[in-house]
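Letters A, B, C, D, E and F mark the chains as written, and numbering starts fresh at 1 in each.
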Amino acid sequence: MARSDGRSPEQLRTVRIEKDYLIHPEGSVLITMGKTKVICTATIEEKVPPFQKGSGKGWVTAEYAMLPRATGTRTQRESTRGKQQGRTMEIQRLIGRALRSIVDLQRLGERTIWIDCDVIQADGGTRTAAITGAFIALHEACAKLLQKGSIQQTPLLQQLAAISVGKVNNQLLLDLCYEEDSQAEVDMNVVMTGDGKFVELQGTAEGVPFSRQDMDGMIRLAQKGINELLEIQRKIINK
Amino acid sequence: MARSDGRSPEQLRTVRIEKDYLIHPEGSVLITMGKTKVICTATIEEKVPPFQKGSGKGWVTAEYAMLPRATGTRTQRESTRGKQQGRTMEIQRLIGRALRSIVDLQRLGERTIWIDCDVIQADGGTRTAAITGAFIALHEACAKLLQKGSIQQTPLLQQLAAISVGKVNNQLLLDLCYEEDSQAEVDMNVVMTGDGKFVELQGTAEGVPFSRQDMDGMIRLAQKGINELLEIQRKIINK
Amino acid sequence: MARSDGRSPEQLRTVRIEKDYLIHPEGSVLITMGKTKVICTATIEEKVPPFQKGSGKGWVTAEYAMLPRATGTRTQRESTRGKQQGRTMEIQRLIGRALRSIVDLQRLGERTIWIDCDVIQADGGTRTAAITGAFIALHEACAKLLQKGSIQQTPLLQQLAAISVGKVNNQLLLDLCYEEDSQAEVDMNVVMTGDGKFVELQGTAEGVPFSRQDMDGMIRLAQKGINELLEIQRKIINK
Amino acid sequence: MARSDGRSPEQLRTVRIEKDYLIHPEGSVLITMGKTKVICTATIEEKVPPFQKGSGKGWVTAEYAMLPRATGTRTQRESTRGKQQGRTMEIQRLIGRALRSIVDLQRLGERTIWIDCDVIQADGGTRTAAITGAFIALHEACAKLLQKGSIQQTPLLQQLAAISVGKVNNQLLLDLCYEEDSQAEVDMNVVMTGDGKFVELQGTAEGVPFSRQDMDGMIRLAQKGINELLEIQRKIINK
Amino acid sequence: MARSDGRSPEQLRTVRIEKDYLIHPEGSVLITMGKTKVICTATIEEKVPPFQKGSGKGWVTAEYAMLPRATGTRTQRESTRGKQQGRTMEIQRLIGRALRSIVDLQRLGERTIWIDCDVIQADGGTRTAAITGAFIALHEACAKLLQKGSIQQTPLLQQLAAISVGKVNNQLLLDLCYEEDSQAEVDMNVVMTGDGKFVELQGTAEGVPFSRQDMDGMIRLAQKGINELLEIQRKIINK
Amino acid sequence: MARSDGRSPEQLRTVRIEKDYLIHPEGSVLITMGKTKVICTATIEEKVPPFQKGSGKGWVTAEYAMLPRATGTRTQRESTRGKQQGRTMEIQRLIGRALRSIVDLQRLGERTIWIDCDVIQADGGTRTAAITGAFIALHEACAKLLQKGSIQQTPLLQQLAAISVGKVNNQLLLDLCYEEDSQAEVDMNVVMTGDGKFVELQGTAEGVPFSRQDMDGMIRLAQKGINELLEIQRKIINK
């Protein structure tokens, strides 16, 4: 059965990562996956949160937001609403946690890297695109620290990329667009390292509980997609 | 290697579920898992959120909180802080989503069931204990609706229970207490239905990415633990 | 005229105070007065608020909250609402002020004792039950400080207990339950010390202004009830 | 022993109530008690809060605030702080409750009277001055309703006035100024009706618990002071 | 065409500035312009905001608010609403910026002067009245600093006054009252120094864009009005 | 004296307006002025705010924000801070007011057009770029309404564009970049219509009050710049 945009079930959308997208941040990319577009920036701050002070270790934290018209109908700004929504908090906690899993905070030293992921246009998979793009922004920021001699060794222990998979109309699909995501029976986000280990695995039954067999199928699809993303990242880094 | 409380790696803590714990709610339990204690209540409200109005369908939603001294050091109240923290939002979204996956909202009719999970004492696994206990509170509330003739058929399609598993000191463990959880390399929360399907699977590498083999081992442990919890639930329901 | 629960006008409800109710806090009790149940905890923090710094004196402060289904209909969480309500603030200010009146802050030294009163089940008289229970939790925490040698002398100058009295259907009653409270013409909360002095006296006409004679009658009733509570406290302390 | 401003222990400060102080409100006064100055306004709104809708009854509610430099050192604005403080909430709840006790809400009909008390200059006794002044503003607003024929009978059942009393340096004093209040061992606020009944009685031991005898002495002083305030109110109303 | 209050188009309303209006602040005035009444106070605080620390320079900042019944219909308190409105922020930023433009922050030294402008009664032109009055309050506060020897030279470089002008029914008018302001096609606020320079110029087309010729006419009117205000200020200062 | 980017004092930066920048909104552009980049979107909502209900008239309102790393150092998100800052409110009120001045709300009918201006990269002049870009987004949205037959006549009465001018190092400059803006003695934002009328004029002395002659010079520069912007807009509209 054909997908709405003509892809095969195991096919990623077109991925594009523009490095040095903005002039101010220490690292910045615009990542495009199909119609989903996310600006990811990395900011170096020469201090750490209170719980890390005096530890000799740094910190990596992330924030995530969507422009009001990133979506089909306008979403109220969280600044006007006066607080961040649960979905936003959940996503930014995921991004921060995932990135920290591949960073040696000791090597980073007592500084914080802020990752900001702002969705300019949303068509499904914004949180996984954010992680895949943020890795490149983080990589650029670390390269600047190395170049300035602020650190001696890159704190990045691994590459990191993420993708969504799901079950839609009884079929397992890779890299769901919004239309597919909104009909999915199961939705799974997978974050993996460059050496094929898992960092996060979040599978959710949207109405229909799923079997062990479905889980295995989705994980296999995710591994395939992430391998392609890691390859794209490597090309950009080595440019 | 023995666990801090003498359990074997595949052993649950002592579980106790007290039904009708409070006089006011339509359903209420105190669930105890080792030293973790959570009050779960179910409240029936004869209206639905705006997005569900006129649909003929009901809604199930959850809120989660901890008393300030549920924990070893005092946690500031979220009411004083002026907002809920990301962790709280993430947990209550999980609880609500998990419960909705086994409820037929059409059969429930245009009413909301509020699930409140308040942690009186925390020693790890509060979110999974909350789900396991909330299922019983929800079951009681549905029983009241049936008894009053407000609904003709139970909206509960399945039983639901949850457990945490993890990898600690290179060993896979079932039902982590706080001490184990704080040292875990990997932490996974699993929610399953009475017929052995998955509803939620959230695995997180706390510092060390994990292999496919570890994942499979943790899932097997979780299935074992959840089967025991489902059995305990059945005894309570059938009393 | 009989009361709804069969008590005589001058009779307290059944009072029960469970010491060491929770494992984490420095002091903790579950106080039950009829159907009203309040968890009171005392937390020692080795610092003081800014206005007390360098004074050599400590501080005692209280927070109060109700679980959403402590009440007959569900009350919205104050954390969701984004702020504490006026009633909550009024009650926690009362509890803190009352406890400070019997504490020698100099002897306590530069540390804070946080009192948390969380109502698990409400049936009238929650603020007075909170004070009576909090005294025991505070007593336990001070005993720990003495035992550890952090202080040389107990900072507690007196015992402290509280009760509500009121005028319902033209009759003066001791220890109002919710049903009585909601019909009361006058409602009075009284806080007294172990040596029979007044710490707080708050009488409010709910619709019908009251005479000097009614006031005197209510104060006499309150004194009687508080004497019984002080006796119960003494038994627990001396156990 | 002479008081700081030369008054005898049983003497009120100079009281002045300017009617029609502002052009916009339905009722407005500037009440001056010594150096304490409070603007009290009454606003008629032709609707009631949700809990009163369809009852045929009206509502009276109060808000209280202080200008930042009403006090000796600048107080941060509550609008900048983002919320009202506990003290403010406690005071405005007291004012609203006290006024409602002398209003027949049925006669008022389904409308709300908002009482706003804004302290321009504070020197102790602002909450009691606010009540005494608010009564006149409320009276003016009710007179306008009668005049317009919106109501047939005044909803005011009684006059209402309030005063503070206290024990300072072992002496009972009427109408404490700020300097006295800040040294008081006991502080009591009393609200009474025109026919000598009590509406509110709030006695607080500031450090030193007080005896029954002190309480009786303070109540006697308060009655004397309130009688004088009621007389001043009558002169203004009858002008 | 006559104005509603009988003034000629180029005529100010009656202006009155009462110095030393309150007892607590270092500077305070009540400024009355027609029916508009604003209390302006100046508070000296011996510290500066973080961005100014260690610079040797001081700071001047302003806050603005209206009493709920300063207006024809009651305005909700910003403290109840939980935040300041855009209009309030805009006005207080204008007042602070305008005052800073005539203050030598170096001469002021590392201290902050807080300007509080509270509108007691509003009838148009509250922000310009606030600036004109705040200058006098600021002048008083600086005089106190000089007198105490805290500073050697006045930090005030110029006088400062402000006025509104507008185009109503095709006619240019000075000092708009509320009725005129609400019908104005163009509304302009002008802030000028004692030596005839501009500090702020804010012209806004309320529905009808305006020509260069109108702009010139309004500026001329504003200059005339401000000259009269400067003269009034001088008389007060020299008293 | 050469400007930092080599421009002459009367020269605009390179302007680029990309129409249809995003897929979801009814109108959207990316406007680039030098290094300043703003996404402007227009959203049609088929309802109006309460104050406009039943009037037959529509509404136009604007919101403005900056990405955290639009600026040289990271700016905290307003959603994390819990509220919008004064600067943000001031700017979005300006944008909304300016756009409404050229819209016939009657012709728009009872619908709202939301304008969202999100600064992706900031280098001075973001508010004026937002207005110039928002006009095109608004124009696109109106074109869609006309095309669908929802309205019969365009509600746009005029073109609208804006520019900043200032005095830097004693020289009058058009279209200030951030470096110039931060050194400016005077800063003026001008909004004009296609027929050369003024809609907003906001001149601010940043430290040094300015003369009438400076004002006239700046207005002349602004008129020149705006004429060029209007020409650029016309080319885009007519494409």
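Basically, contacts are C-beta pairs under 8 Å (C-beta built on N, C-alpha and C of every residue); 3 or more make two chains touch, one makes a residue touch a chain.
Given the structure is predicted, the values throughout are model-derived calculations rather than measurements.
Both chain C and chain F are touched by no common chain.
In summary, the interface at C-D recurs among the listed pairs B-C, D-E or A-B; the equivalent pair, sharing over half of its contacts by residue number, is A-B. One inter-chain figure worth recording: chain A and chain C are separated by 51 Å, centre to centre, where each centre is the mean of the chain's CA atoms. The geometric centre of chain A is 59 Å away from that of chain D, both derived from CA atoms. Averaged C-alpha coordinates put the centre of chain A at 33 Å from the centre of chain F. The multi-chain contact residues of chain B, meaning those touching 2 or more other chains, are 82-83. The residues of chain F lying in touch with chain E in their complex are 83, 85-87, 89-90, 92-93, 97, 100-102, 158, 188, 192-193, 195, 197-212, 215, 219. Looking at the complex, you find that chain F touches chain A at residues 22-25, 28, 35, 39, 41, 43, 45, 63, 65, 67-72, 74, 77-84, 88, 114, 116, 118, 120-121.
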